């Protein structure tokens, strides 16, 4: 059954690539994105490097330089190529990378069908979750790359990101008290979701709805991007130095706001949930409403009482370790702890998130100025 | 009595400047420091702008451009000069700034001696705490400027920053439970220390001692600056791009470590508390010890059981608002909230901190790569 | 016959691309290079924009956004895409660009076969010379891109850049006097080669040979890159800030110098002409020899008496207008004059230069720190 | 008599400093300027380092670190402080630097009054010319520093830079032919003025007047800063990235153009000669007039026939060595040759130039984007 899941998830990655032209696999326009080619190879490298090299007897690397080329931030596993230079890689070709995938997949299938050791099972599950993270990044990064093209290329005409939300206005109230936070141990979780622990929260209310484009346009029309008092000092600098005055991918054309989507340029739906705002924008908007963002604990505690999963939701929690968090030894241990500085937690998931990949204890995290995620806003008070 | 306190604190700022040459008042070698001249004028501007202009009938500004020149980050009060350009200011001269101080002080004394309104009292107290903050910055920034001079100038031969700590090795244990955090309302506090609120903490222990130079040198000798696995990813980038391999102000000369102090270049005392490390260094050191930094809550809860005040102590808490934190309207409200992103909390105080200025609920905060503060490390587990 | 020449030159561009994989057409690793895809499209755009739109009755643009996408520096013809972003362009695909070429070529053939106006003939000749310039750039830029790939891809196994030169040691002497410089009007030339005019030169000698790798390795072994007194002040800064210590594309592996070529990594041939040095390196080498680089006039006057065309040769002449130089009105006039600052003249040609494209009055020019051209050194005294 | 000249020139430097406040001596707002303090010390260091240390028996350095602190670009003489950091130097104080000057001057007087060796005489003359260059830079740099101050400080109320020129409209014609260029050997000259050599020039005319503010305002009013076709490609980038739309020091206030001078803010005199334009502006203006800048040879040949010395005049000649130019061995030889790249020649002089310091063969040179010199325009055709 793990072999089957392996097959399904790996196949899904390639299914996501079906609409692509060869040229789409190559560019990396900014350092924080990666080209599809790299995502395809890097996720494969994980299985080769972390599993096959150690647990498949007599395994021969597909290519002796791929370890160097497709490592990401794992400092334990030799030098990595510069993160900023992934788009300069002409070779290996896309074709060769698909061969690489087939080669690794065949060996993985052999291994998984031979009553694998529990370590192999654990690492495979980790590798598949890692692959799912990169499925999301592949789409998110691709959107960024295509968005820069004046031809506004369509990834998939029917790539329908349903934006609408049922309108159940209203505030969900939660009483002060001690609550349990973090993963309960049933099923897979990342290291940053543990240890499960108690927190005390004060009385609070959290919105049952995400902020809509309509609400955000009201903020824009009220001069929200020009009122420094709504912004963090660094957010204000960002707005001014980058000339930000709308969410990412928005275009004002013919007296109307459009946004670029993976289905091409589309008019904004005012009732759809807002997306592609930075933490700074989320926070300024909340200030303008005289409300605030929830903490990640408030979000998690109330999460059974509202719909989520359409949009990553910025919280006002910094990404920090839970009590008892410990870094696993070796390369696998490099997973999450090293990023626990200068980033804010997002909870939820998005339409680009792989099925069954997220959960209410899942902690996503990004720098506060990033807009390229499907990131939205839920308010609290 | 407030008039007397006003006099004492204002005089203390000028006393700190007595050893300076005119030339020392001018340079600003990096953006995050300010010249003494600017500190002297900016603190004065606060009283003129926030109090005298509104509450002193018929008050005439000392100079109509000083409002522009000596504003800091207060966007409410008109344009500010670029933070990075404070060292380019030839005029006003130091002499003129001392005249400015005398002029404002006379008016403030008049005002304070006429049974001032409660708003004036509150703003004066805020202004005096602000002045004390700048007393510390004046010394801290001056140390940075002088340290760049190959002549290693001495600020004050007898400026004795006693480094030694009583050696009471040992761990202080605290039981899990709900504790009250934040200022209790007796006396002055900054807005970021409130509201007082409950937090739940797990069982923990915190060291009764600060980390010493000796311990840190062991970390250095063990290659701590070369082991990426001890560092945050951004910390590791910082170490590599800046070529960091020791605390700020340390010099290795004649087979020995020295550090630059306000009393000139001095040999390192191994038993003194470590100082001038960044959050990244503090955290990497803790990892090397297989321990961790305390949270700011853990620090505050246990603070009655250890000596503190010699060194600002990095915590592993991000600088975020307490529950119920609200921004005051207008310029005064710009005080603290706008900095609540990408900074880490330090607790305690330092020898450069003004007398009676700090308290156990005091929240200092800096970006994680800054070393120029008197910043040290207390471990927890 | 012009139609035939058109066909031959346009076909030659595509022949140069035959060994490429689709992925090779895309990346632009540095701002001063362009991807093959862009060269293919930009040269085509020239014919569409400058000729077909004006002289082909009823001509319809192949695509209405290509004018924007494939403009280079021609400010006259609407906005251009940012030079630095050519590698981010996923679409149009390579296939679509070849269609674009076919479309434009068919129309150009129709036009050229209908006794075209003299303006069309002139512009076509200009366009073909422009195409040949880009043929050279295509190879030169491709080499740069491939060189960054740790797999050292081979463009063409038999891409033989014969490096050897006949060894006819010796100095060619020229007497002082007045000489004619610049193009004599027979055949095509660029605007920067005119007006033909008189110059006075002093007695000088110029080497009949190019500097060899052997000679340059002697400079390297003598510490040439460490002796500031040999370098221009800005050259020295460049050497230090970029960490330069050998010509571009050189690699020291297994105790031997190799260089990356379009036929892959090859051992250095000591007797071959040196290549891929900057003006700064050329000049420092000349100083080390207690000799100098020739001026472009000295080069041109003596050029009938030595072999040239293997390597672009740095001169010590700044790229400036000849007496009587005038800028043609309109977009075509943007050709060369606007670059006449901060660049040095190179004379000659290289193996990558298209056949019959260069001539003794041809003035190539680059910034003094560029190494990516096939640029070598001829000495004078 | 050399002793007397030494005294006069050295005293003149200090006379220029009389109006300064101590604070004016310190800041260095941009890398290409230096603080007065540094000019005072560096010129002194030249005499100490180049003369006294070698030729004054038993000479003891005034301070053993000054050699390090006040070296400029002389790589031969040990490490130099970073050029960009001269404004961070609190110590030595201005007072100490004046002591340094007295100390060196006394020793120099002693040396010069003891029938000094011819080498001492030559080096002293070089040092005095060097001092005069720095007198000009001191004023030019000071103007830049004061100009940034919102208080618009006045250096000297009666610092009268007479701007008017006699109006003798007209063109001076020169016939083609061979002319002698360069210094004839009578009196002092810098190495870059030699060897005197022949050049051939074509027929040309050169204006007897400098371009006036009135003419330049016509260019501005005609949108000169917005017409890319008038500009070098790099000039156009400079205009756009720096937001340039007028000469340096110009301010448009109350519907009128003012410029900042060393006598404070003054209204523009339309009939005065234009000043503080970059080479890019000079060249764009000439293009707008359908005229051109003269070459340095054209300027020198005709210079006896027009008034010059009020303003440095941009030529269209790159700063390159004359035939036979040779670099003197050792530190003195670092003087000029190393800057012969990426700079354009200016001829003439300015009101800030020391008396008797310039001559018709004098070659000044700056990067084409610099405006902070008293630089103007004379046209040719």
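Labels A, B, C and D are assigned to the chains in the order they are written; within every chain, residues are numbered from 1.
Assume a contact is a pair of C-beta atoms (placed from the backbone, for glycine too) under 8 Å apart; a residue touches a chain by one contact, two chains touch by 3 or more.
Just so we're clear, the structure is a prediction, and the values are computed from it rather than from any experiment.
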item: Most remote chain, CA-based centroid, reference being chain B; value: C
item: Distance between the centres, which are taken as Cα means, of chain C and chain B, whole angstrom; value: 57
item: Whole-Å gap separating chain A and chain B, where each centre is the average of the chain's CA atoms; value: 37
item: Centre distance in Å when chain B and chain D are each reduced to the mean of their C-alpha atoms; value: 44
item: Residues of chain B whose C-beta touches two or more other chains; value: none
item: Overall pattern in which the protein chains touch one another (line/ring/star/complete/other); value: ring
item: Touching chain combinations (by label order); value: A-B, A-C, B-D, C-D
item: Interfacial residue positions of chain B with respect to chain D in the complex; value: 21-27, 29, 37, 65, 68-69, 81, 85, 87-94, 145-146, 148-151, 153
item: Chain B partner contacts - residues on chain A that touch it in the complex; value: 73, 75-76, 176, 178, 197-200, 202, 228-229, 231-236, 279-280, 287, 316-318, 320-321, 323-324, 327, 333-334, 338-342, 344, 368
